[in-house]
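Both complexes shown next keep subunit A, but they swap its partner, so subunit B is in the first and subunit C is in the second.
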Partner chain A sequence: MTDIKKATISGHGSRRTFLKTTALAAIAAPAVLRSGRAHAAKSTIKVGHVSPRTGALAGFAEADDYVLGGIRKMFDGGVDNNGRKVRIEIVSKDSQSNPNRAAEVAAELILKDEVDIIVAASTPDTVNPVADQAEVNGTPCITTDCPWQPYFFGRNGDPAKGFQSTYHFFWGLEDVIGAFLSLWDVPGVGKSVGGLFPNDADGNAWGDRERGFAKPLAAAGFKLTDPGRYQPLSDDFSAQINAFKQAGVEIVTGNMIPPDFATFWSQSGQQGFRPRIVTIGKALLFPSVIASLGERGVGLSSEIWWSPNHPFSSSLTGDSARKLAEGYVAAAKRPWTQPIGFKHALFEVVADVVKRTKDLERPESIVEAIRTTKLDTIVGPVDWSRGPVKNVTKTPLVAGQWQKRGGGLELVITTNKTAPSIPVGGELVLL
Partner chain B sequence: MEILNALIQGVLLGGLYALFAAGLSLIFGVMRLVNIAHGDLIVLSAYLALVVVQATGLHPFVAALAVVPLMALTGYVLQRVLLNPTLGRDLLSPLLVTFGLSIIIQNALLTHFTADSRRLAAGPIETASLGIGGGLSIGLLPLAMFLAAVAVIVALEFVFSRTSLGRAFRATSDDAEIAQLMGLDRRHVYAMAMALSAAIIAIAGVFLAVRTNFDPSTGPLRLIFGFEAVIIGGLGSLWGTLAGGVVLGVAQALGAQIDPGYQVLAGHIVFFLILVVRPRGLFPRMD
Partner chain C sequence: MAPHVKIERGTRTSRIAGRLALVLLAALAAAPWWTGRANLRLLGEFYTFVALASLWNLLAGYAGLVSVGQQAFVGFGGYVLFAAAMFYGVPPLLAIVLAGVVGALIALPMAPLLFRLHGAYFAIGTWVAAEVFRLSFAQVSVLGGGSGTSLPARLVTGIAATRDQRDMLLYWCALALGLGTVAMIYALLRSRAGLALAAIRDSEIASESLGIDIFRTKLAIYVATAAVTSMVGALIFLQKLRISPDAAFSVNDWTAYVIFIVVIGGIGTIEGPIVGAIVFFLLRETLADLGTIYLVILGMVAIAVMLKAPRGLWGSFSHRTGIVLFPLRRRVVHPDAR
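Moving on, here comes the complex of A and B:
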C-alpha cells in the first residue's frame, strides 16, 4: 500500500508499477479480509450457486426453484458436523447464459458474499468460468452438467497435476460415443454416419479428429462424413444435406442447439434426405423441443444422463429418481427434464461434504472432504478417487429414443450396454 | 449440380435475410434510426402468432392476418410513446433506447413463455418440395418466403412512390424540419413508418416460427445478417435490400460448399469487399 502512495505522490513511479501494485493489492485483499474473520466455530455455511436462469441456456435451470426449494427445507434443519448442527445457506445467482457474467457473479459470491463453497451447473459456459474463479481464490468448488473434456481441457487442465480446489462430476465424450454406438447396433442400418458439429465448445470437442467421434467410429466399422464445423444459429444446411446424400448416410449424429436441428430437419425433408436413425446430443434433451417438432419429432434419439427409471435414490431425502421427477411434474405442471437429477445431486454432495469436513473454517479442509467423497446420489455414485483424470468423476450414461407412449412422447431407454444397472424400457424403432 | 443447388438454396436464403432486413431498411431510410430491438420484435411477433394459433387453432399463415395489424399498432404506439421523444440531433439516445427495449422484450418473453424452444406447426408444407429435375428440389416453404420478401419490397416501393404517405416519408427523410414547416406532423409520419416496419416484422416473425425453433433469446442473432443485407444493398434502397440479402445468401451457400466453417465467413468477406469497393452499397439512395 505504501508503494502506491509513493508512486502517485512523488510522480516517479510509472503507470505500469502503479497498475501492478494496485492489481497485487486487489488480489491480496480477499486474503486480508478472510484472516480478519472471527475464528469461532461456524454455525452457518454459505453455499454460492451459479446457474443460467435467463438467456439461451435457461432450459437447463428451469427446475432450480423446485430443486432449491426442496433442498433449502432440508438444509434449514441443519446438517451434522463434528457433533454440532450446521445450517447451510444457499445464495443463488444468475449467469444470464453468459460466460463473462458467470465469472462476474462467481467473483461476487466469493469476494462479497464470502461463500464457503461454490457450486455451478449447466454447460461449459457456466461451469468453466465459475470453476476458474474458484481456483484462483482457493474456494472449494463442485460442478456438474457439462461433459468432462470441455471442463478439464477447456480450462487447460493438466491430467498429471489436476486442479487445487475445483471438482466436477458428469460423463465424458467416450461415454456418449459408447452409448451412441450401442444404440446404433441394430440390424438393417448401413454403417454410414453423418456428423453435424457446430463451431462451439461442445461441437469442437465432439468433432475433434483425435479426441472426438472420428477414431472410435472408424474402429467400430462406421464411416463418418463430417463436412466441417458450422456456425451456431445457421440458416442453411443444404451443403451438409448434399454431402450426406452423396455419401449414402443412414445415421445422423452431432451436437446441436434446438433451432439448428429444427432448420436442418425441415431442410432434410424438403430436400429428400431420409436417414434411418437420428441421434443428436443437446438439441433433443428437452421434451418441449420434441413437442415443437410435431410428428417429425417421433423416433429421434438422444443421450440419457438421468431419467425417472434410473435405479438410484437421493442420499438426502431417500426419494427415488421417480419420486423426484414426479414431484417436479406435479409442482410445475411441466414434463420432467434430465438436469433435475443432477441439480439435486449437486446439493447432495454439498451436504455430504459439510458433514465430513474436519474444520469448516479452513477451505483446505473442505477441499479434502470433497476429494474423499464416496456417495451414492440420485444420479449414481460420486467418487473422485475413481476419475478418468484428477478432479473429475463420471456418472453412468445410456441412450434412448423419443417414442409415443400413452398420450404423449416419452424418452425410452433402448440401450444400456454402457451402464447395465439402468433398465432398458424398449427397442429402437427405425425412422 | 452441387454448385447449382447451392445457388438456388442461396437465393432462397437471401429471401429470408431480405425479409428480416426490409423493416430495418425502411425505418433507417425514413428516420435514421438503427433499431437494435428489430430481431427481438421478430421473435415477439413469433410468440404473438403462437398465442393466436393456440387460442384459435388457425393455420399460422391465417393467424398472420391477426398478427400483422396487431404488430403494426404496437409499432405505432411504440414510436409515439417511446422513440419519438428520443429522436433529435443525437444518434445515440434512440439507439440506446432500442437496446434497452431489446433486453426488456427478451426477459418479458422469458418470464411469460419460459425458455422452451417453440415452433408453429404448419403441416405438410414444412417439408414439401418441388422437384425441378436433376435430383434438385426447391422447398415450398423457402420459396414462399422468397416470394413474400419480393411481395413486401414491391408493396413498399408502391407505398413510397405512389402514395401520399410515401411522399410524406420521402419528404421527412430528405429534411424533417422543412417537412414540418410544410404541415407534415413528423411524429405521425415516423410512427406510421414504424407501424409499417412492424407489419413486415410480423410477416418475418410468422415465417421464422414456421421455419425453425425460436426461444426468447434468439432475436439478436437474427439481426446481424439483416444489417449486412441493408448495407450491401445501399442505405435507403428497398430493392437494394433484397439484392443485398441474395448476395449474402449466395455467398454463404457457396462458402458452405467448400466447408461449412466458411459459410458465415464467406458472407462477411463479401460484405467487407463490397464495403471496400462501393462504401455506400450497391444501390445507394442517400448519403
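Moving on, here comes the complex of A and C:
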C-alpha cells in the first residue's frame, strides 16, 4: 500500500516505471487490502493523538514529550483486556495550531494509521475539527482542554441527540463564571465589570447573551460593560478602555489570547485605566506569558483547572498531582503548566476504556466503554453519565491569582467555593 | 518547388505522453479499486492542490495577474457550500457547482476595482480583498461568526449509502476538478484567448495596438479562475467538515503553499504546477512530523530552487531537454525533417 502511494506521488518523472509499478500493484492490491489488520487478532490498540505542537497554541502542548513519555512507558507493558494483555500504541500528530491541518491529520490518523481511538486536546481549533472527522468516520474520540460549550454548540450539537462517537471532558462557562464570581467576592471592589470577548470560538461563547457571562453576572448583582466582539490580534483597545473608564469598571474579565491581553494591558497602563481585579481566561494560564509582562504581571488572576495542589492522583501510575508536576519541572527545567494534568488524564481515560471494552474489534463497543466511564483521574472524576449534555462531562474548576512566592511567580488558588475539595493557597490581593 | 511546410504544435514526445496520460488517467480513475481510503483521500487532496496551483499559474504565469488573495475564493466557496447545505438543504455535491456560479458572480464586480491596480499594488489589493472576505464572514453569526461551524454529520453521510461509496464519489469529484482544471487551462491557452494572453503577457501596449481587448481578456480569466477556485474551495471544506474564517481565508494554506508549488514546479508552464504539487506532497508526507524544521526545510527548498533553477524544476528541465508534454507553441515543420 505504501509503495502504491509513493509511486503515485513521485512517479511523474518516469511514467513508464510508474505505470509498471501501478499495474503490478493493481493486481496485487486486493490481496493486500483483504489481509488488513482489521481481521487480525487485536494485540495492539492504536491511539491517534492530535495536539498543537507548533504555532500560536504551542504553549498548550509544551509538556507533550514529558507526558507522552511517561504514558508510553506504562502502555508498553500492556493493559488487561478480557484476561489478555493488549499493547497501546500512540501515534502523535502536530496540528500546527491550524484547524485545517488538524482536520487533515485527524483524517490521516483515521484512514491511514487506522487508529482505534483518536484523542485531541487544547482549544476549539484543535478539538472541534478532530471530533468532526471522528464523528463522520464513526471513530471513537475523546477530547479535553476546551470549555464544553464551544465544543458542543460550536459543532452544532443538539442536546437531545448528542453525538455518536465523540466524547469530551472539561469544565464549562457556568463553572468559570461561578469561579470568577467567587474570586471577586472580596470587600472593597465595586460591582462594575468590563468584558473583553474576541470574535473567535471562545470569545463568542463567553460573550454570548444567552449562554455567556451576561445573565449570571446580572443575577449576581454585577453590571457588565461589553463593548462588543473585537477582532483577535487587534492593536488598539482604546475604545474598550474608554468604555470601561466611563462605566467606572473596577473588574476586567474576558477570554483573550496572550498577545491581545499584552496589548490591552500596556495600553490600559498608558491611558491611566487602573482596575482593581483583572481576571482573564486563556491568556493568563502560562507562567511564560506572565513573566513576559514583567512587574505588571503580578496580581493578575485566572481560572485554574489543574495545579499541583489538586487533591487527585493518577489512576495509571498512582502519582499525585504534585508528583506529576514536579516530575515535569525537574525534567524540562520549566515551571509547571495546567495542561499537563489534562494531557495525562486523557490517556488515563484511554487506558481505562481499553480495559473495559468488551470487543476491541468493534468501534461501537469502544464507544460503549467510553460512555460508561467512571474513573477518578488526576484532574478529578470523569463520568459521562453525569454530564450537562450528552457526550460531555465536567471536571472541577477554581480560580486564583499570580502572586510572588519565594523567588518567582506562582499561581495561587484564592477561592474554592466551586470545588471545596481543592485547597486554597492564599487570599486575593487587589491590584 | 517550395517544400510543403506544416504548422504543428505536437511533438513526438507530447503525442506519446498524451497516450500515456490516458492510461495514467484510467489508472487514477480506477484508484478506488487498487488502493485504500487513506490514499484516496490523499490523492483527492493532491488533485485539489493541483487545481489551485494550476489556476494561480493561469493568473500569474499567463495573465500577469499576480494575486495573493486567491484564498478569498477558496473560503468563499467553502462558505457557500456550508450555507447552501445547512440552510437550504442543497445536496453537498450540487452545492459545489453552486459555489462555482456564486464565486463567478462575486468576482465580477471585484475585478474592475482590482484591475485599477497594477503589479505589486494589484497583489496587495487582492490580499486586502481576501481580508475583507475574512472579516465579513467573521460577522455572520448564523455561520458561527469568528468561531466557525461544523457541517452536520448527517449531511455528509447522506452523500452516499455507504462510507466507501462516499469516499469514491468525493475522490472522483476531486479527480474531475483537478483534471478538468488542467484540461480547461490547456484548451484555453491553445485557443484565440490563449494567444491574446501570451501577447498581453509579453507586452500590454503592443497587444492593445493589435486590437486585443486587454480588460475583457483579463476579466474573463479572473472570473473563470474565481469560479473554479470557489468550486475547489467548496470541495476542500466538504472534506474538512469544519469551516471558520481563519481556516477558510488562510493566506498560508491556500495561497502561500500554492505559490510555493507553482514556483518550485515552474511558473508559466502547464506541467509546472503538477510537478510542484508532487514535490510539495512528497515533502509534506515525509517531513511534516518534524514540526518547525519541516517549515524551515520548505523555505530552504524554495530558496534553493529560486537561486539554482529560477524557471522551476519543470521549467529548467524543459528548457534543457526541449521536452514539452503540453505543447502550446506552434512550430514550423519541414516535411523532409520528419
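Quick note on the criterion: the second predicted complex is superposed on the first by the 391 of 431 C-alpha atoms of A that agree within 3 Å, B and C clash if a C-alpha of one lies under 4 Å from a C-alpha of the other, contacts with A are read in each partner's own complex, and residues count from 1 in each chain.
Going forward, a contact is a pair of C-beta atoms (placed from the backbone, for glycine too) under 8 Å apart; a residue touches a chain by one contact, two chains touch by 3 or more.
Bear in mind that the values here come from a model prediction, so they are computed numbers and not experimental data.
Trainee: A:K93 in the overlay: touching subunit B, subunit C, both, or neither? Say first, second, both or neither.
Mentor: second
Trainee: Would you check which partner chain A:F286 touches, where first means subunit B only, second means subunit C only, and both and neither mean what they say?
Mentor: The answer is first: A:F286 touches subunit B but not subunit C.
Trainee: By residue count, which of the two partners contacts subunit A more extensively, subunit B or subunit C?
Mentor: C
Trainee: Counting only touches as set out at the top, which of subunit B and subunit C does A:T263 meet: first, second, both, neither?
Mentor: After superposing on A, A:T263 lies in contact with subunit B but is clear of subunit C.
Trainee: Identify the partner contact of A:L111: answer first if only subunit B is touched, second if only subunit C is, both if each is, neither if none is.
Mentor: Only subunit C is touched by A:L111; subunit B is not.
Trainee: Let me test your reading of the model: by the given contact rule, A:N199 touches which partner, first (subunit B), second (subunit C), both or neither?
Mentor: A:N199: touches subunit B and subunit C.
Trainee: Just to be sure I read the superposition right, which of the two partners does A:G154 touch: subunit B = first, subunit C = second, or both, or neither?
Mentor: second
Trainee: In the superposed arrangement, which partner chain does A:N128 touch: subunit B (first), subunit C (second), both, or neither?
Mentor: Once the two structures are laid over each other on A, A:N128 reaches subunit C alone.
Trainee: Hey, what residues of subunit A end up touching subunit B and subunit C alike?
Mentor: Shared contact residues on subunit A (touching subunit B in one complex, subunit C in the other): 54, 199, 229, 231.
Trainee: Which residues of subunit C touch subunit A once you look at their complex with the stated criterion?
Mentor: 17, 20-21, 23-24, 27-28, 30, 33-39, 41-43, 45-46, 135, 138-139, 144-153, 156-157, 163, 239-242, 244, 246-247, 250, 252-253, 274-275, 278, 281-282, 285, 288-289, 291-292, 295
Trainee: Taking the complex as given, what residues does subunit A use to touch subunit C?
Mentor: Interface residues on subunit A, with respect to subunit C: 1, 4-5, 8-10, 12, 15-16, 18-19, 22-23, 25-26, 29-30, 33, 36, 53-54, 93-94, 98-101, 103-104, 107-108, 111-112, 114, 124-125, 128-129, 132-133, 135-138, 150, 154-156, 163-164, 198-205, 229, 231-232.
Trainee: Can you list the subunit B residues touching subunit A in their complex?
Mentor: 2, 5-6, 9-10, 13, 16-17, 106-107, 110, 114-119, 121, 126-129, 137-142, 211-218, 221-222, 225, 249, 252-253, 256-257, 259-261, 263-264
Trainee: Give the list of subunit A residues in touch with subunit B in this complex.
Mentor: 54-59, 62, 97, 199, 227-231, 233-236, 238-240, 242, 258-259, 261-263, 266-272, 286, 288-289, 292-294, 296
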